[in-house]
Amino acid sequence: MPSVRLVRRYVFSSAHRLHSAELSPEENARLYGKCNNPQGHGHNYAIEVAVTGPVDARTGFCCDLTAVDSAVRRAVLDRFDHQDLNALPEFARLVPTGENIARVVWDKLIAEGLPLTSVRLQETRDNFFEYRGD
Amino acid sequence: MPSVRLVRRYVFSSAHRLHSAELSPEENARLYGKCNNPQGHGHNYAIEVAVTGPVDARTGFCCDLTAVDSAVRRAVLDRFDHQDLNALPEFARLVPTGENIARVVWDKLIAEGLPLTSVRLQETRDNFFEYRGD
Amino acid sequence: MPSVRLVRRYVFSSAHRLHSAELSPEENARLYGKCNNPQGHGHNYAIEVAVTGPVDARTGFCCDLTAVDSAVRRAVLDRFDHQDLNALPEFARLVPTGENIARVVWDKLIAEGLPLTSVRLQETRDNFFEYRGD
Amino acid sequence: MPSVRLVRRYVFSSAHRLHSAELSPEENARLYGKCNNPQGHGHNYAIEVAVTGPVDARTGFCCDLTAVDSAVRRAVLDRFDHQDLNALPEFARLVPTGENIARVVWDKLIAEGLPLTSVRLQETRDNFFEYRGD
Amino acid sequence: MPSVRLVRRYVFSSAHRLHSAELSPEENARLYGKCNNPQGHGHNYAIEVAVTGPVDARTGFCCDLTAVDSAVRRAVLDRFDHQDLNALPEFARLVPTGENIARVVWDKLIAEGLPLTSVRLQETRDNFFEYRGD
Amino acid sequence: MPSVRLVRRYVFSSAHRLHSAELSPEENARLYGKCNNPQGHGHNYAIEVAVTGPVDARTGFCCDLTAVDSAVRRAVLDRFDHQDLNALPEFARLVPTGENIARVVWDKLIAEGLPLTSVRLQETRDNFFEYRGD
């Protein structure tokens, strides 16, 4: 059967601060700039979740859409939306950069059993991070 | 010669209803939810048609743009725009899901002879379907 | 107290067909063009609902946001989304043009008691209709 | 001379939390919902600043664009971008709702001497607040 | 009859250069900055044309849409699209700033007899000019 | 280490004209249509620059963001923004089509040492060119 890639976009709003425990205060300030401000800041994040599968001849669907939505909701939105990412256990030892958020979202959705192809995180209108699991 | 991918976006507005003749009424209702409403509904669809070719040293073009536009117009827009997809022969035996619309568009543009790389269909602002012919 | 205008955007997907019972078939065809195709077509509609009120000094809100959302959901989205507008009683004697949809939405939200300032309906990406109740 | 309205859009990313000192914990939780989460969250805010003036016959400009940009930068962006709004003196006694942020931006730009017509704040992709000084 | 405002968006791509014959070279350079570069530059312009009229009870239309489209095409798009604005007679004595382009579009569409309410010109993604004829 | 793709979008506004010295006037007119108008025209271009690298465990970054920004600024924006592309040495013998602009941007950013994955140029809202270096 031919295989189609379905992409669904979801949004969430969170606070974060870029600060690495492995760097000195000076290194943190230089590397992260204003993203290192102690009070933190925040973003409207958007994630584009791509799943791929063969198109079912009877239903015309390549994936169980309800399963995708509920996995993303349970694993990502319910945990990240309207939260401070730095206060979450997921980022206790991981700086919540776009790169790391994309990877954490990937790992969570893989653990949910989704046939995941890529995760694309938009942090600001001109800044995107894409992870494909490799 | 180096090869460039050209992507052109086109829009059309159509009605559709998701209903599979191979499923019971209960299964249809459960699987497709409100998309199974008997009266149908509709969308502003956007398709991004990607074609690829070597850049011509004299013209700087990788494709015959006029040919792409007229193929998409003749094969897709003139047939789908301001129509009910379920009433078209293309979907007489095929549920007009995003997956199947993307595949039908692909097949039509391949039949037109385009050097097609991918077809990406946007159904709603957060829902996309991409087909690459495999 | 200073007054702020809150605008909330909502989306719904519906089928419609432009056809007036007061016009001859030829007039309908000429006036509405492809929007008069007998099978109908559809759109992803977006409505921007603007409400205005004095900012409450204690809460910092100009309106009861929950009331706005539930009024729009009950009066508009639950009735129009994934439906054929022509099959609804609201449009039994009213051609579902953008103008008339905007007016019907306005009337419904006024009946819900919202402090409405304007309703802006987007039908396609380049086509908007705004009604201010006068 | 004919008068033209110039609108410029600017973006900034901030954290905030909705919590009113004049409400009980239960009222705060009920009124603000997840926006009341103790850790706070954040947004990519966009502001559209509208200024109006007669078009200068020699320059074709209705406003001193450099003055607009530097006033917005100095009074708003340099203070709010990559900050926690709740930690700023501007919001020490003011809940940083969209309504109040729009009003504070208005007051700051009026104090800068801009010929301001309106301030429109976008908080999320479907949520806007507009203040016209009355 | 209730009155509805219809807004239609159109796009055109043009070159322009900001340079005033009434200013010295130094004043031109200081005032217009890089927009004064002798070679010129260009933009994808979008115009939102707003017309207003009472909704016709038989047709559901507030305006003759075909007339709006053909007036904009004839008076604006056919003249400005893929042209250098500075080389056009419209801007022989008028600096093609956003303010002046909006005014020229307004005058042209008024001359076409449209029931015009406003013209909004977008020059770049964050820069807009609105003219209402006063 | 897992590898993440970072995409950054930048914008610039330039004039250009499509005209090939290797084609006759008639061929130029037929091939390029209104893009061959002698006076030239212009666009708001957007480029999406994609770079890829392993995520640094200490910083959470896959690339030196400051280096990406300054390379794009120095090699592309400072040279192309508010210029006439046809007047630049880069396009002295190269027609400034979207294909060729994307290739020139690619070559410049490779020369800057960026770990480049792709360059995507948007010329108008429905027209994109992507080059991956092969």
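Going by the order they are written in, the chains are A, B, C, D, E and F; count residues from 1 in each one.
As a convention for this text, a residue touches a chain if its C-beta (ideal position, glycine included) is under 8 Å from a C-beta of that chain, and two chains touch if they have at least 3 such contacts.
All values derive from a computational prediction rather than experimental measurement.
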By the touch criterion stated at the start, how many steps lie between subunit A and subunit E on the shortest route? 2
In terms of contact pairs by residue number, which of C-D, B-C or A-D shares over half with D-E? C-D
Per the C-alpha centroid definition, the whole-Å distance linking subunit E and subunit F comes out as 28
So how far apart, in whole Å, are subunit C and subunit F when each is placed at the average of its C-alpha atoms? 41
Give me the residues of subunit C that touch two or more other chains. 125
Chain pairs satisfying touch are A-B, A-D, A-F, B-C, B-F, C-D, C-E, D-E, E-F
Inside the complex, what are the residues of subunit B that reach subunit C? 11, 13-16, 34-35, 37, 39-44, 81-84, 87, 124-125
Given the complex, residues on subunit A that touch subunit B span 2-10, 48, 55, 58-62
Spell out the part of subunit C that touches subunit E in their complex, as residue ranges. 18, 20, 22-23, 31, 94-100, 102-103, 125-134
